[in-house]
């Protein structure tokens, strides 16, 4: 199925900056829309151009804060997606750089919600045809919850290319800050070995328990003299990252970098980021850096833009083409 | 279909007070739940009791403000409804004393959303079987948008009984503050005539226009010497009500009362409420009075509780029985 | 999404004339179909050409009478739409110049049906992708009831262009025959002001009540010396229009025209149409004039064809393009 | 699942008589409803009692004629079923004694509709939970088309019991008037053998063809001296039945009875019925006899009431219980 | 809707040979996939190429035996169809040369399954857009059960062209081996008359019964001196075909051919095929001949390939075009 | 919602033994059904009793082997569930002691299927209301994939009670054979600590890698002198368990038990089970032990019956009641 018109891109206000970069990558301007807030707390958003018979992409990152809460952003996205159908869009894709509630993916306590599935139900209910997300916390939840089409992007090659020049000559280790992230770390390690063309080690943190109580951290794996990349999907308060760095340095690591797609930086994150034990914190632009002091951000945080990744994924959704190859390189199958 | 267990009632935190009164009416305690907020802006709510095979009612009023925005409250309601399904509830009813976005019911500008329909889609998506609402802004939108069962309650008999002793001997007129509300006002007028057993007049406000520009207000109908009840579905800033009162008094009205189910009282509402041209503002308890100075509320606002109405509607949904008769009296058919 | 083949147009027999004009506008012939009636009252219709992978438009106006009842026409439309799916149509659009049951849009009596929603359910059930309708009685019901795509067309510019030369030099007033139609009349007034480039007044009829009983009509607004256009969505017996004309003339109107998209002309409509108080009745061709004496129709009724409107809407659905601009002019947004 | 209240029965006007008998069987009164026709050809029907939480049965036979066409009756049924949902019915069953369009069950010509499936889609779309029908033309179509629950009743035991005393001592043969009906005839033959406790023969009619042209009828099977029961699902013009009788008598049959559940009697049916070659025509009360002269009906037609069958099926749907045993006798499995 | 890329064809392993021929007809290579079996009995299949935005056809014939059971093949097909959606296919068509369970099309015993409908439910559940099948046992079941699009192909012209030269000068008769197949035989007879340009007779087998017990076979129709083509949808053990041949020869038939689309050849089929009373058995390649001794197959069975039929149907689904004309010839309508 | 009749239990043949035990627990006999296999590889199953208006539970464990493959068992379950709907069951629950394809829960290679979700789609498609499963490989996949109700049971308390007397006085450690199972092992450890009232340690196996190649196993955690319980969801070839036992013993473990809900025992499992390094293998009866030599099973394997767990879960689904408390004990909330 081929489209003769270019894709139509909308960005809700809270994701404007990243969306501009995606639009630039695609050489397609962001289409105009109006987004009004009313005194009683309701809002109304509408496109200002015709979307009839077009292939539409609505970009909204679902991080909390700045002017809107997470739930606010979800409703704004849901209603705007619905509005696309109103206007006769032929296909509607939700591009969600940071997908909220990805960690509410199972019942950990009795009668817990399974919010990941509710997010799928809601996005589908308003007529979304495709959901594009990046480094979702639990890809199993993501791939099972949705019945509409999904595209899951990851930052592995992006980060590997970004960091390849930094690691120097000595040993390099990829570390997961907890056992649940070992799978993610392994996938990055494999990518990184391909990119730098030499062996990369693995390590991970465990909670040391005594009598059922967590008493400290345990580092599994050899990091002596190594350049360590602690890899996670997101950084919240930064505490987890800092504890991992600390453990690595104690075990003789040369230097520790923190890598995560989504930099939420809530609570005491700024303090963690500035801690000298973390040489650098590398994140992407899926969440704006509004909570960090710009100077701290400037000196301690490196931001890798996901715009080329989202842009290219949108292009391949629009024109056809392999997203497997986009993520894993041309030789993947 | 009969239930041998009583209904299970949950109230999300923001509607706690009204819910307590409903629970008291039904002589069924509110069931416990946990509602936690996380630092990153997400939340999690779960019931603390088994709902398996039960007839569950979740009460949440969707007003904006206090601690949560409108959109926040919508997501909290949607996720909690979903959680009921998780726990094996046999039937899930959303009781929504104030239904948000009821005025976003059509495309007034090109490519506008039709949020009323999206609300229906979202509530149905999480597995809601029945929606109970009260004095929804546009009942046509409400009755067309939902495909799950709905019960629409109204305050006509409630308000009529509350106000019947106040109107004195002289003429009584029901007024609508705009032409769109004439139907609602007429329905109240008919109920009120039945309740007080004598004629009640009708009046309504029009916008006076000149060259397409609104230049003032026009009162249609005779209010001379009358006790006037200005009837609307909600009070936002109160400006509309005040303009109507002004126009009525100019035309010789004896006294003007404002009646509306939902008292949002945003913006300069307090000033309007205190204006001596409004003898009294009568609302219900669907929206808490958190925005008004308690003294102002005490002296200028009367609150009629909807708890018996919601309670009895829940009872009839649970046990079977006529809601038509609940609303219109036993002789209705 | 682009189509390389032209759209395929079918017209069920009862809407043949209008459909021919639409086909002519689009320069696409009506595709052949067979429509047979059986002795036991069943019928069968089938296309006589392949519709595989095509963009199909089925035109059927749902007025009552002539050879088929309203319900008959509904079933014929539903079954034929289903048949399109059978034949592998890629997209099926129901073009319904007059949408029946649009006034059964809410529960006015206890336990009433909400037929507008049932119409949506039925049209969607047989696989309709898009519904195109014109001047539906209640656009709120229409926009909320359907979950498939809809396009709502209106006659405002069509009528405004048709009548612009007639109104002469003096004041012009648009009147609604009842309060429920004020919104529609205002929208026409705004369009008409744009078209004729000068002020147009507003007026409307109210029912005068005494003791709850309707005792007469009340005209709100100034029509003295004015050329009055009474605007409604449909003319049934014409009684409402005639009462409006009478009231306008009593208040000094110069001349009264009746405008309505759908001329049903049932009951004593012919008598109303011939009444000299109505200078002219202007309708469209959504309903054939089979109930009026041709001479009466000739001298008292003007018919504005909707074929260019439906034709152009079909073209823009097929090729993409703005229907907002079609309805409101190129500068709309 | 048990119901503590009795079932609620509604009958649309066109099936009033049979419905009264079903209600009598169940000792449950028909619930009142209102059914109004409007001048423009639309109608409105609504229940006059509360159906909230009840198990509702709506009876409507979909024959053509009398005051309403087949399509009319279909729409009336669909809308009324929808209205039941509006009123909060817990379960809605459509009881359709004669199911129209059952012979439009496949594409016999290119691009034909498959109306049997559309009927299923439409009935399900308005929220029907169960469909009960009787002797549907093609049970394969019926059992495949519906995704909601269905109950298919048949007249075999009803007719067998009714006719058992008539057949006398000599040979008895069951005949099908065409090859498509052989299966139905065989099933009746088996039931009849069980009921009368002796052998029953089989015969059927074939079209004799020459050079692809039908040149006459061919009777397969031995009917000499036999009491012949020609069995079909419905009688339309009666021509088929008459040709079968003629062929049987030519082959030496003693006497020929026509048996069919549904007596439509269209066209020249009266003439066929009165033809002396048919000793008697036995039908049920699923279609009223409005087209036959009452005297002809009185002397040539016997009517077996299906009320006990429908009544008992409704009882078993409501209370639980085996419909297999109802149809085939207590020993069936 | 036009596709700029060619269709993508996949064949699950069990239908490889026919699929190769279809691919050759279309001049489109079969796309690669991987199909692995695990020790615990599960399997996994995945495409090895991108299917994003493509028009995909998955070919799997659902015969039992060889390495996989019928149910095995069904699951393999269902999961692979689901996988196509995972990969972003724009449209997914299941091409099922032999559709299993087509004879489980109704409840013949109490509480029987209606497996034809379950097959439809399952195929639709995994996201199949179109199902293409050939000579399904009961086309009524097929056309009613599916709600996704279906294309039903038949072998009539294929077989007629194949056999036209064999029939010689004398009378030709098409025979059905049971009454349920008469309709199918008649359709073939009509096609064959058109192809050979002269009259073709009809005959069919009945079971002779005595006292409800089948005692033998009865041949209806004149086959004296005729070349007889016994036509069925499938050959299972061949017993039915053999009994028909026997009866025809007893009645003086010159020669008997067996024709059926699907050659399952289970049980004692080889013995039946070799029986000299059957001159030849003609089938298609929808089911591989793995159960017959190759020599027997070589000398007694002729195979007509369905590849051009499936290939051309796929082409017309992909490019648009009439399948009616494909089946019935260019003059059909 | 209460049921007055007891639940109806069916067991497909392959799960007969466990089902008998469940029926015994509930004191409800298994209802009779017929399950026939045909020569062409199709099968047919039907209930032999009425299920109308009943609460039905169909038990089928989806292990491979014995007479039927995994896929075979899936189809048998799906069709039989569909048949329950046919017979008018009020609610249908699939009880699946071993849920197949639970490890195909994500795309590990490009374009992989997500079979866990397809299983949900298929079970829902045939009308399943509730799915009850036990110790599913990945509970996140399970809880996200299904949109019908699910109940997930686990063996933690069952195993803890079974093994509590064996562990002796010394240290006790729960070990996971791979990092993906750490969460499961931790949950068992917590349960076990509660049951035996003292500390239980944790350990797990990691793959030791060198240059991206797995070179051996690494045991994390202290097992010196400990009684070690290696916990997994299933045992396939037993290799994983054996490697874990080996590593534990090397690190000084006193004794090693293998615990897993599902004993598939494929391939060389018997050899692993008999290996002296595994003191005992403890499994449940969700999969029959048909692949092991009975003597080996007798001496090396202990089977804990899940019948009380499934039985009680069915009772609570039928009567209402907390499954959280069933799994976690009465004090859970």
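Letters A, B, C, D, E and F name the chains as they come in the text, with residue numbers starting at 1 for each one.
Heads up, the rule we're going with is that a residue touches a chain if its C-beta (ideal position, glycine included) is under 8 Å from a C-beta of that chain, and two chains touch if they have at least 3 such contacts.
Just so it is clear, the structure is predicted and the values come from calculations on it, not from any experiment.
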Report back the single chain whose CA centre is most distant from the CA centre of chain E. B
Can you check which chain pair, A-B or C-E, has more C-beta pairs in contact? A-B
Matching D-F in over half of the residue-numbered contact pairs, the equivalent interface among B-C, C-D or B-F is B-F
Between the Cα centroids of chain B and chain D the separation in whole angstrom comes to 50
Measure off the straight-line distance from the CA centroid of chain B to the CA centroid of chain E, and report it in whole Å. 63
How many angstrom lie between the CA centroids of chain A and chain F, rounded to a whole number? 35
Check each residue of chain C and list the ones that touch at least two other chains. 1-2, 48, 50, 107, 110-111, 114, 117, 121, 324, 333
Full set of chain pairs in contact is A-B, A-C, A-E, A-F, B-C, B-D, B-F, C-D, C-E, D-E, D-F, E-F
With touch defined as at the start, can you tell me which chain C residues reach chain B in the complex? 105-107, 110-111, 114, 116-117, 120-121, 138-141, 143-145, 147, 179-180, 182-183, 190, 193, 199, 202, 204, 206, 209-212, 218, 220, 324, 328, 332-333
Enumerate the contact residues on chain D facing chain C in the complex. 39-48, 50-51, 63-65, 68-72, 74-76, 78-80, 82-83, 86-87, 100-101, 103-104, 107, 109-115, 117-118, 121-122, 124-126, 236-237, 264, 266-267
Along chain D, where are the residues that touch chain B in the complex? 1-5, 48-50, 52-55, 85, 88, 90-91
Seen from chain B, its contact residues with chain D in the complex are 1-2, 130, 149, 151, 316-317, 319-325, 333
